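Across the two complexes that follow, chain A remains constant while its partner is chain B and subsequently chain C.
== the complex of A and B ==
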């Protein structure tokens, strides 16, 4: 066969065309930024001319590397301490998330606990809500006089002043991140437990193994690879979390890598920031490699699980009622109570005074007055809020559309060409953005697209840049969902259409998509929700004209206008929950389907 | 000696009745198959005896010991019932090697290491899987996994063995092979086997007694050949046997004391029972059941029919005949290729034709059938 013919035959298959286009564009959108980032760690940026003595802009320098890694006390405060804090906080958060999420997953899938539908629905809420929701709720409850202003609800109700370590810093960050990612662990581990054949445990029962022995020798070893990979995914998510440490750590100067990144990139030493971003990417990639190594081991169980036909629930016996009640109470506490505190805080005139006569509608529908919050009107009358809301929704819809569609195509093409080098390259490229911490990712895009680049004009401050960064960042979710959808669909379904001459476009829109509608739509839902609640990714790229609700909330919070921040937060949470519920009820798409539970 | 007794056992999942008031005795050393279409409650029954499922009502005894009683609140856990269980999908532990899978049960019995090692080696040899000891289940073929699962179940030497469709995941050739291995195993181990299957051929060939179920209700519990020749009702007659029994529907009339006359699409038939007697109401709707081997093709036969299709398979030939608007299946020994639409004569042989009541499906009598 001639080379020309080989190429022609290759491109006659639609999935090969898609793969080729994806390989090129994803390399451009993920690998090139990495190179650009590398370059940024060794050049002098405009704001650094003063600190790097005798240099011009764009000069090659190892100044940043030296400062970050080997400059005694400076490096310690700049990099090593935040790195250590990041690792410490991420590890503990992970343990909480896995312990809690795994425990709930076991109770829901394997025991005869009551009220499972309620628990499994509401337990997901903290993951759907913005990560700082719980952080703000924590502050609403436990803040003390350290940051000035009034103490929180807890102190107001009990009169007990909370300790600094309890109100701010590592402890609350760990708790809040742990609670936020527990649903994520729940979805992943629950999926494994649901797919794990109950016969495996029953076989051990018959062979006279005790309960503990079954757990330690059978159940845990079998789910362990998956739990480990859940652990790694949660770890890298915790590592790149920005909002929570920013809210809870800043009052006591507790810095982690992401907050350092924000400070340096926004300040005078972007070079430091780029190096830290690189470190985070290296850690993330290392985690992915460990993960693949674990999954690839020969003991891997995925090939042998059969259908789980007869699941018999573990009987909790006397503990059934107490456990059920405790879990329902706990789930309500972490998912519903925060919303109540936002509502309360947003109706209070003078912070810290929770008496009835101090209630006000000022921050919702009040006209602007000079002495309150710099003359801003209530958020329902504030045209900037509406602008931000419109921007948020517009951005999320466009990002979800782009990421969801590209993700579905990626899933289709990768599954079709399974086993080829090109397919695994595209698969890895599509997953790579997951490993890039949002903040670092935004920083690279900022540096790459701030000026003309190849044929692309300068995108700084444009809506297009936000869409681009969002779509690429959330592509991993969407392509996962697309792949799950395609893997459940036998190849013959499409071939039956091919054989009667239905063109590719029609096969996709009339056959494949409708059959796996809910799985594909989950690939749109996840980017939408993530985008609505995203802060770290956009905070560096936003200019006043295209600010979104989350960045406005962040600004109000930085200014200390608590009531506005609470009101906006409530607004965001409600929009996200309503959207999620409506889409879930209408189409069957859901977050857990997207993640692959 | 292990004997299993079920007394009025029922299992309900919400409103759905999976097993309804089942009573049976499984004798020591029996090879009993629970047979029926999917969803008939056979797997649930097996799991209830093993203790993996809790019955809603009833009583179960193994070896004279009550292991479950809804009235007295007894529910002995599966590990204390001294049984073995072979799962449909083998349920091999993917993270353990073949040897570890087999030795796990022995460890639980606190055997010493030397004894475990020799027992594992013995089983590996018996089941012809010695070369796979160090492999993981995912590295074995379906048939090999099956053997490992059997070895694991046999390791502790249970006197009662439960099997849930153990051969359904194997290809046809392996299945036939494993069938004889299982029968051999039953003879060698001298244990009681309870075996779930939806394959009537498996039930026929393997078991000493067959328990046929439909929608949770026991239909017939008897040795397989009795089930075949003297089916309790229409459902049993239809489910057991391949090719399936011929059914002629019509109205019967009693004549000459004990005989029945019926006419079906131009055929006038006379039925005389071989044992006992039969009385019908006037114009009672009945169904005549005739096994294919009792439909004899030959020029001496009084009936005339055309060949609808002939399916020679070497050892035997299945011939479908059309007589009037009736299709009849016949089995002829040897391979004879009848021409489609050729005319042949046929008649009925033997003493194994069955009359069923059409309304209740009950077996009314067995006897000879002749064309008049």
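== the complex of A and C ==
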């Protein structure tokens, strides 16, 4: 066969065409920006002519590298301390998330606990809600007078003044991040526990092994690789968290890498920020490599999977009622109570005064008044809120459509061409954005697309840029969902269509997609929800014309207009929950399918 | 394998061309050569455009926008941004040839000069009707208003000033009771700190120390300005993210100890509605706070230049300035607009507050920021 023929033969298969296009465009969208970022760490930016003495814009300089890594006290405060804080906070949050998520997963899948449907539905809430939801709730409850001015609900109710370390800084950040990512760990570990072959445990029961022994010698070793992999994924998510440390850390000057990144990119020395983004990407990639290695090892374990029909539940005996009640109470506490505090906070006029006469509808339906906030009307009368809401929904729908569709195609093509080098290249490229902390990812898109590049005009400030960054960032979720859907689908089904001569796109839309509808739709749902509640990814790229609800909330919060912020937060949470429930009920798609598989 | 090779080659090629291209792609925005239009012509042109976009560091632009819309039927998209954010956005938008704001109200003079005016991203426009009214010193760049931040304390117990000298704030009795907005969060605050390290102000601080304690100041830093910053920050200074929050923290009634802060004087307007007790101090040696300008300027590539000009003119009239003039702490560059009855004129404040010097700021701000960063975090 000549080369030409070989190429023609290669491209006759639709999945090869898809793979080639994806490989080129993903390389362009993930690897090329990295080069651009690298360049940004060694040039003088407009605002840096103030600090890099005698330089012109665009000059080559190693000033940023020197300042960030080896300038004594400055580097210490600028980089090393925040780095250490990041690692510390992420580690502890991971432990909480995995302990809690894993524990609940075990109770739900393996024990005879009561009220499982309620627990498993509501326990996911904190993950569906924006990550700062719990952070804001924490402040609503525990802020103290010393640095937060008006004391929070807790102090108002009990009269006990909270300590600074309790109200702000590392401790609340760890707790809040841990709670936020516990559902994530629950979904991942729960998936493994559910699919685990119960025969081994049953064999142990028959051999009269004790419960504890079964747990420690059989269950744990089997789920261990999954737990480790969960640990790494949660760690990298915690590392890239921005909103939570921004809300809870600033009052006590507690900095992590993401908050430093935001400060430097918006301040006099964006060069510092680009270097920090690079560091975060390096850590993220390192984590991925370890994760791949662990998952690679797990393959040897998957030989024991294959669902057993009758899983015997562990009997909690006397503890059944107390554990069930405690868990229901706890789940309500972290998922429902925060919403109640937002509602309360959005209705009070003078801060810290929770008496009835201080209640007001000003921040919902009031007319603007210069002596409260900046004269902005209540959020239901505010045209900018509707603009932001419309932008949020528009952006999320478009991003979900693009990411979901590309993800489905990726899943299709990768599974079809399984085992080829091109397929694994595309698979890795599609997963790569997952490892990049959102803020770092946004930073590289900022550096790459803020100016004219090749044939692409400057995209800064455009809706297209937000769509692009969102779609690429959430592609991993969608491609995972797509791959899972395809793996469950036997090849013969498509081949049957092929034999009868049905064209490719018809096979996709009439056969493959309908059969695996709920799995594919999950690939659309997760990007949609993530996008609705995303802050870190957009906060650097947004311009006033295309602001979204989350960035508006962040702004209100920074300005100290807490009532507006609480009201908007409530709005976002309700929208996300309603969308999630409706889509879930109507199509059977659910977010756990996108992550856990 | 071959395919991968091709991909790699393609990638390298694209990457190379990115760097080769550089960034020289200034798009020429709409900036029609203007002849002196009459006011009516301007209104007609503005109505034809039908819309104007403004970025502003003051949130009260929203109120002015509503009135302007009512008056001329021109739609306003107003956005309130932080000062550094505004500078970054405008330099990226105008530099990238993107249509964003038509005009801006910006502050942080050192950065505005260096990053926005020097590269020509902003152009100055003084309405013809204002040329003879606004003092020459405020005309290039056109100052919209002056804003002051002063030492304000909780006056629930007594309205008598609680300090006479700024060095008192470095004493243990004020530990943890003073609040100030994070200089990283707002450029003008970093500017104030930078200004007091200047030879002029550090000499004044040096003298104030001697007047208060009757002995020479022992330096551990470069000069008295740096020394005061260091001791001020290390005395448990509480850094806030917003002057609004700080005003609430300071003004809220029923506090066990008297607190104070250095924040925008105009927040005193919250007193009644939010039940706060705030009182400014004006006789502190050697300064009672600082004062800085907010400029109003057109962007180079304004899409609605006529509407922007009309709005700028409107903002400089007594009516357009109402959202600001009805409270204390805002001073129009138009001297015919009287200051609020409860306030003092700029001439009163000028002798009591630290002003901005763009040149000095441009040269020294980075060093002071680094110094502050090191003693703060």
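The rule is simple: the second predicted complex is superposed on the first by the 588 of 597 C-alpha atoms of A that agree within 3 Å, B and C clash if a C-alpha of one lies under 4 Å from a C-alpha of the other, contacts with A are read in each partner's own complex, and residues count from 1 in each chain.
We take it that contacts are C-beta pairs under 8 Å (C-beta built on N, C-alpha and C of every residue); 3 or more make two chains touch, one makes a residue touch a chain.
Only a predicted model underlies this, so the values are computations on that prediction, with no experimental measurement involved.
Trainee: Quick check for you: in the superposed arrangement, does A:221 touch first (chain B), second (chain C), both or neither?
Mentor: In the superposed model, A:221 contacts chain B only, not chain C.
Trainee: For A:461, is the partner it touches chain B (first), chain C (second), both, or none of the two (neither)?
Mentor: second
Trainee: Between chain C and chain B, which one touches more residues of chain A when both complexes sit on the common chain A?
Mentor: Comparing chain B with chain C, the partner touching more chain A residues is C.
Trainee: Who does A:545 touch here: chain B (first), chain C (second), both, or neither?
Mentor: The second partner, chain C, only.
Trainee: In the overlay, answer first, second, both or neither for which of chain B and chain C A:207 touches.
Mentor: In the superposed model, A:207 contacts chain B only, not chain C.
Trainee: Could you say whether A:159 touches chain B, chain C, both of them, or neither, answering first, second, both or neither?
Mentor: It touches nothing on chain B or chain C.
Trainee: Once the shared chain is lined up, is A:419 touching chain B (first), chain C (second), both, or neither of them?
Mentor: neither
Trainee: I'd like to know which partner A:501 touches here: chain B for first, chain C for second, both or neither.
Mentor: Touch partners of A:501: none, neither chain B nor chain C.
Trainee: Both chain B and chain C contact which residues of chain A?
Mentor: Looking at chain A, the two contact sets are disjoint.
Trainee: Going by the contact rule set out above, which residues of chain A touch chain B in the complex?
Mentor: Within the complex, chain A touches chain B at residues 197, 199-200, 202-210, 213, 217-218, 221-222, 224, 298-301, 303-307, 309-310, 312.
Trainee: Over in the complex, which chain C residues touch chain A? Could you list them?
Mentor: Its residues touching chain A are 1, 3-4, 7, 10-11, 14-15, 17-19, 21, 23, 25, 53, 55, 58-60, 62-63, 66, 77, 79-82, 84-85, 87-89, 91-93, 95-98, 100-101, 110-111, 114-115, 119, 176, 182, 184-185, 238-246, 248-249, 252, 255, 269-270, 272-275, 323, 326-327, 362-363, 365-367, 369-370, 373-374, 376-377.
Trainee: Spell out the part of chain B that touches chain A in their complex, as residue ranges.
Mentor: On the chain B side, the touching residues are 43, 47, 50, 52-53, 77-79, 83-85, 87-95, 104-105, 108-109, 136-139, 152, 156.
Trainee: Provide the residue numbers of chain A that touch chain C in the complex, in ascending order.
Mentor: Those residues of chain A that touch chain C are 20, 23-24, 27-28, 31-32, 35-36, 39, 46-47, 49-51, 58, 73-74, 77-78, 81, 145-150, 250-251, 253, 255, 263, 266-269, 349-353, 368-376, 421-422, 425, 450-454, 458, 460-462, 543-545, 547, 555, 558-561.
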